[in-house]
Structure formats: C-alpha cells, structure tokens
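The structure's right below; bear with me while I get my questions together.
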Amino acid sequence: MSLNIYLSGEIHTDWREQIISGCEGSGFHFTSAVTNHEASDAAGDLLGKEEKSFWRDHKSAKVNAIRTKTFVEQCDIAIIRFGDKYKQWNAAFDAGYCAALGTPYITLHSEDVIHPLKEVDAAALAWATTPEQVVEILKYVVSD
Amino acid sequence: MSLNIYLSGEIHTDWREQIISGCEGSGFHFTSAVTNHEASDAAGDLLGKEEKSFWRDHKSAKVNAIRTKTFVEQCDIAIIRFGDKYKQWNAAFDAGYCAALGTPYITLHSEDVIHPLKEVDAAALAWATTPEQVVEILKYVVSD
Amino acid sequence: MSLNIYLSGEIHTDWREQIISGCEGSGFHFTSAVTNHEASDAAGDLLGKEEKSFWRDHKSAKVNAIRTKTFVEQCDIAIIRFGDKYKQWNAAFDAGYCAALGTPYITLHSEDVIHPLKEVDAAALAWATTPEQVVEILKYVVSD
Amino acid sequence: MSLNIYLSGEIHTDWREQIISGCEGSGFHFTSAVTNHEASDAAGDLLGKEEKSFWRDHKSAKVNAIRTKTFVEQCDIAIIRFGDKYKQWNAAFDAGYCAALGTPYITLHSEDVIHPLKEVDAAALAWATTPEQVVEILKYVVSD
Amino acid sequence: MSLNIYLSGEIHTDWREQIISGCEGSGFHFTSAVTNHEASDAAGDLLGKEEKSFWRDHKSAKVNAIRTKTFVEQCDIAIIRFGDKYKQWNAAFDAGYCAALGTPYITLHSEDVIHPLKEVDAAALAWATTPEQVVEILKYVVSD
Amino acid sequence: MSLNIYLSGEIHTDWREQIISGCEGSGFHFTSAVTNHEASDAAGDLLGKEEKSFWRDHKSAKVNAIRTKTFVEQCDIAIIRFGDKYKQWNAAFDAGYCAALGTPYITLHSEDVIHPLKEVDAAALAWATTPEQVVEILKYVVSD
Amino acid sequence: MSLNIYLSGEIHTDWREQIISGCEGSGFHFTSAVTNHEASDAAGDLLGKEEKSFWRDHKSAKVNAIRTKTFVEQCDIAIIRFGDKYKQWNAAFDAGYCAALGTPYITLHSEDVIHPLKEVDAAALAWATTPEQVVEILKYVVSD
Amino acid sequence: MSLNIYLSGEIHTDWREQIISGCEGSGFHFTSAVTNHEASDAAGDLLGKEEKSFWRDHKSAKVNAIRTKTFVEQCDIAIIRFGDKYKQWNAAFDAGYCAALGTPYITLHSEDVIHPLKEVDAAALAWATTPEQVVEILKYVVSD
C-alpha cells in the first residue's frame, strides 16, 4: 500500500528534495503545488492577460487550485512547512483544509514561530523542526 | 431563517463590533473565537501549568479549538479578516477549513496583501476592504 | 415540521408568487435568489467597480452565490423553473447541485422543452407544467 | 498518478478530440457521455418502445445517467463546454453537480455567453475560450 | 430534545395509531408516508393521466418519494413494520436506506417471517413483535 | 476504467451467469452475495451453534453482511433482481441501500410485480425484464 | 446557540451531576446513556427473555445503542470519563466514535491511567482530572 | 478485488500471525499498528525528548495515529482483539471509530469479557473466540 504525501508551503529552500530523497525506496508518492514561483504566478496568463493585479493573481491562484485541491484531497498525509520569511498563508490554508477533511498532517517549522502557529499545530499529528525528522517519522509510519 | 456568521481573524481593531452593530436587526447570529488575547493564551492553564511554551500553547490552542471548531462548523458564512500586523495563520487556517467544508466565506483585508492572500481569496466568494462593505454584502444576502 | 422550499430559475413571470400564495397556511418556508435582475447584476459593485464585463459578472455572481449556495443547501425541496426565453443555465446548475446532494426537486416547464431538459428531468422527482400543479404536489407532500 | 478528466457538453464540434489529442502522453484518462446523438436518444429503446416522447426521453436520459453519473463522480477534473447553439442544459447540470461535489471544473465557451453563464463560471476554477487553452492548463496542472 | 420517528411499512392495521397514542406525552414527532392507499397510488395523477400502468405507478411513486425521502432522511429513529400480507418491498427499501445512512431502526413483525427478514433484522437495533413493545422501547430510549 | 457491478437478489435461476457471460470481454468486475443457499444460511455456524432460529439467522445474516455491505459499497452499479417467488426483502434492502448512497441501480423483474415494486423502481435508473436487456445496457454504458 | 454535551462513561460516581449543576445557567443541554445499571442491562428484556448471556447482553446493548448512537451523533462536545475500576470499553468506544465524526471531546480521568489512555487522549481536545475543570472549560468555551 | 484487513488490539500473543498465515493465498492485505511495544512508546522521541510522561505519551500516540488513522480509514474490514490482560482502550477506540465510519468489524475475545464488551459487540458483525474462526469467516467472505 503506497501512501501519497502532499508537501505544502515554503518554496525557497530544498526541504522537499531532502524529504523525497530521504524517503527513497520507502514507497511513498509525493505531490506538491507548482514550486516554480514565476510559473505559478503566471499560471492564469495563458487564459488572457489581466491589467489589475488582483485579477491576475485570482486567475493564477484558481488555475493552481485545480492542482493543489486535487492533490491535497488525494493525499494520505500532508507535510506543512513554514519558513522564516513571507506570510505563507497558503500553507496555513492547506493545514485548515486537511484538518477539515481529517487528513493527518505534520508541521515543519522552527521554534521561533511556535506561538503564531499554535492553532495549526493543535490540529497536527506531529511537529518537526528538520526535514530529517519528517523522513524518520514517515519511515516509522510505514515500517513493518 | 437566521444565518450564523463566524468572524475569524485579527483581534486588535474593532472590525467585529462594526459588523455586528452595522447588521443589527438583520437577524444574523455572530460567533467568534475568544478575542481576549490573554484569556485565549491562558485557556489551557486551568488544566495545569506547563513549563514548556510549546505545550502551554498546545493545551490552550486545543481548548480554544473546542469553541472555534464547533462554531466554524456551525456557521453558514464566515468572515476572514487579515490585519496589517502579525502572522494570522489561524485566520488562513479557518479559511482553508471553510473551503474544505464548502462554507462560503468573505475575506476582509487591504490591497497590500492581495498577493500573499491569493490562494485564500481564490476560494472566497467575496473580498471586502472595509467592515462597511461586509455589512452591505451580508444585508444584500438576506434581502427580500 | 416546516419544510424549506427553494425556488430556482426564471425571474420574468410571477410563478414564485403563485406558488407562495397558493401554499399559504401549509407551513412552508420559501427561499430564492435575489430576483431583482438589476440588483442581482450589480451585487458585486459595492465591492468596487470593474471595467471588464467578465469580472463584473464574476464578482456579482459570487456575491449572489453566498445567498444561493446557502439556501440551496438548506432547502428540503427545490422547484426548478424554466421559462420559454433565455438560457437559464443557472436553473440547470441548481438542478445539478440538488441532484448531487440528493435533494428532491420538481421541474416546472412547458412541453416545448422536454427534449433539451431530459437530463434535468431524469433526476427530478416530478415534472409540472403549471404553478398550480406545484402547489398541489407540495400540499400533498405534507398532507396528514 | 493519472487524473480522470470528464468532458461534458456540446457534441457538434470536435473539441473533445482536440483536447484528447493535445494531451496525448500526459497521462490523463478521458471520459464522456455517449456523444453519438442518435444512439444517446435511443438509449432506452432497448428496454421497450414508448409512445409518449416524454417517457422515451426519460428512459433514455436515465440509461445515459448510469454512465454520466458514474463518470462525473469518478472524475478529478471536468471540462464543461458550451457551444453557440442549443440549450445545453445538461452541461450546466453537470457543472452544478461538480460544484456540489467540490470537483474542480473548467468552462470552455466564447465571450458571447459570459453573462448567462456567470453563475456557472463563478463556481469554475478557470474559463477557457479554446480547446488549446484547456490543453495548456491541463498540462500545467500535472507538470513536474 | 424531541426525536423524529419515521413509521414505515404496512398500512392495513392500526399499528401507527397504537404507537403514536402509546407514546403520547413523550415528546416524539412522528412522520410517515401518505397511508391512504388510493391517494398514494393517485399521487402522480395531478400531473397528467398515464395510460401505461408502469408510468402511472412511476409518477406516483416519485411524488410520494418527495415526502418519504425527506422524512426518512430527517428521522432520528425508524420503525419498519412488516405485516403478514403483500410484498412490502417499500418497507425493506426504507430499512436499507436507513442502514446506509446509519439511522437506527426497529423492525416490527411476527415470528413467521424471521427467516426472510434476516438481512433486514441484521442491520436493525431491535426486533419487536407488538406495537406495545415499540412503545416501551421508545419510552426507554428517552427516559431520564 | 473497469466498473464493479453488484448482482443482488434471487438465487434460484441463472440470471447472474447469463449477465456475466453476456458481458464477457467488456471489462466489468462482478460481485455478489454467497449464492449457495445452504452455505449462506449456515454462515454463522462456524462461530458456534445456536438453538433459537432467530439467533442462528441473525449470526449468519451478519456474517453475510460483512461481504454484502463491503461489495455493495464498492460497486459502481447494482443489478437488483426480483424473481416470482419468495419475499426477497434482501433485494429491496440492497436497493434502498444503493439509493441512499446514490449508487445507480437497474431492476430486473417481470411485469407482474410492477405495482409492489414501484418505490424500488422509482429510485432505479432502469427497469429490465430480461438478463439480455441488462447486458445490453451495461455494454452501452461503457461503449466508446 | 445552545450546545449539546454528551456525558459518556463511568456510572458509579456523581461526576455527571457535578458537571450539570456546575454549568447551570450556561445554556448547555446534557445527554447521556441510561445510567441506571440494572435498567440498562435489562433494556432488551422487554423484547423477550434470553437464556444465553451473550444474547441478553446483545439485545440490551442494541436497545441502548438506539439512545447512545443518536445522542452521540447529535452532541457538539462529548465528555469521556474513565473511573478507576472496570473495563469501561464503552467509554473508549464512544471516544473513537467521536473521533471519527470529528466531534470535539474532553477526557476526564486521573493520572494513573495516562499510559493506557494515550490513544484516546491523543484524539481529545483536552484532558481534565476533575469535574470542576470540565465545568471551567465548558464555561470558557461559551464565554462572551 | 483484494480486501484490506486492519488488525487492532492486543500485542502480546501471536493472533495476528495466525490470522495472516491462515489466510495466505486468499488475497487479503493486512495492516496494523506498530506492534513493537517499545518502538511504539518511543515513536515521538525522535521529535525531541519530553520530561513529563503525559507529553511523551501524547507525542508518541499522535505519531502512531498517523499510521493507525490512515490504515483504519483505508481498511475494508477490521478485526478487534481483546486479550485477557491490560486495559486495551485503544482497541475499543478503534471499534468505535469503525462503527462511526460504517466499517464492518469482527471482535475476537474470550467468553470472560462478554459483559464489558457488549457495546463493542453490539456494533460488530461477528464475535469470534479464536483466530481460526476469524480465518474461516474471512475466507467465507471472499469465497466464490
């Protein structure tokens, strides 16, 4: 039984690659939003340019949602990553989405943001501070 | 038919009061998290003190979740407010929770944060910039 | 036990009024989209004007969806009315929405459109040609 | 992870073939109603002829619903196509069905019908005007 | 908290009246199909006469389903009664419907039909042989 | 996409075999209750003998339900067969179960029982009188 | 908005009364299994005596389930109490039931049983050691 | 069609191995919690040591829940085993979880604990006293 893992959040470090390579051979299938920032922001442009930034963002965010909504709903476990920069409200949004569906998720963030993330952590099944810990947990979860 | 409106997010301005008083007589029932910051942070203390800040936050966040989870699931419409300070990941979490349940929500935020909120706005049914606009929409929604 | 009836579709004749007055005293509670065409088309304007007609329509349609989605999901029975003019895709959309939720609905349309409405009628529990028939069925449904 | 795409609506142009051939090699699985108009209208005849056109249509529409209901519920993404002729209420019905299930869908229609389709577009995650755009979006959705 | 009780099945004896009068004052709300056999069979006639008996039955059964589907889905507990005559497949249908929804139901039938009802009884929470027993159980269920 | 077909009801004629062999090569997967009458009645005996016939039937019916509940819930389409003998309440129970789940089903029965089966037929998507018709419909449903 | 609180578990001390009287005036509605041990064990006897203890227990447990299943599913919050004696598997069963439904629950037990209750506590939103603490939390949850 | 069987409960005897080897060749896929007691208790340690036993247990129980929640929700049938020692509240918790989801389960326990397990048995589809009986039932369930 192969489990689907959705990797949500921060796109400026290589935490996804660390988890994927650390889990190699364990039979997981990983999915994610499009993590190329420019491509993601331009996702709606192929349907026609917009002058107002709100509508450009809106169109792109919806095109991206076709992917993320599908993958989040199909995943068995989500990893929700908060880096030390940017608002990252989409990561918290994904966490809330998983919580409502009852999908188990693990948060990945440093000690600095414990307090503002307390609601997100309260609905998580684990809090990790490094990608290595996530790898260890995932391997434990499917161990014989 | 009285509709339940959940007011989620920022607790440092009086946007909740503005919406509630603006809607007076329209038959809405408003709910919200405990918005007293200190009381909210201490919600778990009555079950025993914790030394580690993570567990203190965790206990309090879970006690608060008894309230917020119940009210979010019972609401017909949610208003998700993002102010110009703090992380406010709990607001984005509530938005994701509503999105997964299919509960309509309206975001309330300034133009400054359009880009980081694009995923949250993409699943919203309206974006307002002032509490007055929220009041107008809510009144329109239940107009004869 | 009072039943909620959602009245969906055509807004150019007085079929809603006929059903509501015909059912007076039977204990139903009727809901509906905003049926003032101009008000409905302008529903999103209070959140700021749009130049492109697509986005004006989009904003208004979403504000209206806050109302219609809520009322459709809360109704026990829907009446889906197709007149002899206009596209009326929103009525067929509501029918599909009800079908997916398992909400019983009755279609109300003339014989002229039997063929193009066959998929919509296939999922309906009754097809009526006059508001009087709808009134009769609704009264029968709650008869002692 | 192969995604199922349901192609709903107009049957008089080759938009389905364009999308399917354009997506070749991308790993999608496409489903659809029976698009042979005569076969579709006659689907119920094999269970016995009907004299009244309503019942002939009714029987056929229900036999077709065994297929369409199954495929719509199993799809990950739907494409809802409105051509410039006919009522096409079944396409709007499918859109409403997807909306209630939370299944992402993309509409495909010309600018001429923006206004009557505003409710259908309001619940869509994208609006395309050409099959090529649909192909581009679908490929983007599953890009690495 | 008042509980809704749906009374399904046989319409030729006064078991409904016995249960309703036996429970008087216990705060239950009882619902049921239309139990006037002729009115029930003619329920669809008000939408136009049919020549074929199949379609007459079909139309009436669907009009009746508007009522029964609604009441079955709203009930907290169902009583499923099988008499000693007739096929009574509608009672078994209601039992299956309740089983799928997880709605508790009590069967009411004599010892003679234990074997053919074993699947229906297997999903029931109680089997009673007299209306008095049903009354006793219902009163027990809401006792202080 | 292979569809699962559940064959429910009468066990005294070879209608199952006719459908299965008629559909050979069409890619369906067929499931069914245990159709060996004696084995089915004795299904609970391996957990210890019972003296009372009610409990023997109860135990066996529940052991059988492990299979039937699982297969009914996993099927895409059900065929509900009523023969001309016996009560066959389990078939009507399965029909109600499918109706509540929204699973499409086809009834298979002669004209003689149209009236007592009207509620079961009202929720069906087709009524066939011969296994050949069922085969034809199933093949149509998955035709290219 | 009055919340329903289900009180599950131990029946040998007066913890229910303490919580109910402590919460007086806070607008909660409390439900519970029948807590009279003898009446509960005899709940099925009114449907006929059984010789085997398994079937006597089985019948009574099912009659009781009509009540408990209904009240557990209708509650907004459950309190799951484990005393220091007996197996109390029904309390853990109720906790699992709530967890699957996503219903928030609070456990009430002494420190002695932390380890064997770790799975039950892991899905709880709070762990209290005294009825007073439960009262405090409940009052906090609905505070203005 | 391969069925997933979740084996829940007691970890001190070899009942799991007996069932798995007894079912060899029948096409089942078995899952389970991590049954190494020490590894299970230490599951959360890899995320940082805790001083308080409650939090150590809490962290480990949640990490284990990532596995058990996923496997319980994915199983078609669960076997819930109660040995003659220990509290085993997690087994009763899993039973309640399955009951709420409508997942069929079989209990496996000796006669000694019939009375305290009556609520758990009431929602089960079979009660076995030996692993051999479970094997026999499972083989029967998938027999041709």
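The letters A, B, C, D, E, F, G and H name the chains in turn, as written, and every chain counts its residues from 1.
Throughout what follows, a contact is a pair of C-beta atoms (placed from the backbone, for glycine too) under 8 Å apart; a residue touches a chain by one contact, two chains touch by 3 or more.
Because the structure is predicted, anything quoted here is derived from the model rather than measured.
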- When contact pairs are matched by residue number, over half of those of E-G recur among C-D, G-H or B-C in B-C
- Of the other chains, whose C-alpha centre is the longest way from the centre of subunit G? D
- Note on the structure: Of all chains, the one whose CA centroid lies most distant from that of subunit B is F
- Measure off the straight-line distance from the CA centroid of subunit A to the CA centroid of subunit D, and report it in whole Å. 31
- Averaging C-alpha coordinates per chain, one finds the centres of subunit A and subunit C separated by a number of Å equal to 39
- Message: Taking the mean of the CA coordinates per chain, how far is subunit A from subunit E in Å?
- Response: 49
- Item | Junction residues of subunit H, two or more chains touched | 62, 65, 102, 127
- In the complex, go through subunit A and note every residue touching subunit D. 4, 29, 31, 34, 39, 43-44, 46-48, 59, 62-63, 65-67, 69-70, 73-74
- State the interface residues of subunit F toward subunit D in the complex, per the touch definition above. 1, 3, 76-77, 102, 104, 106, 125-129, 133, 136-137, 140-143
- Message: Using the touch definition from the top, list the residues of subunit D that touch subunit C in their complex.
- Response: 53-54, 57-58, 60-62, 64-65, 68, 82, 86-101, 111, 113-123, 127
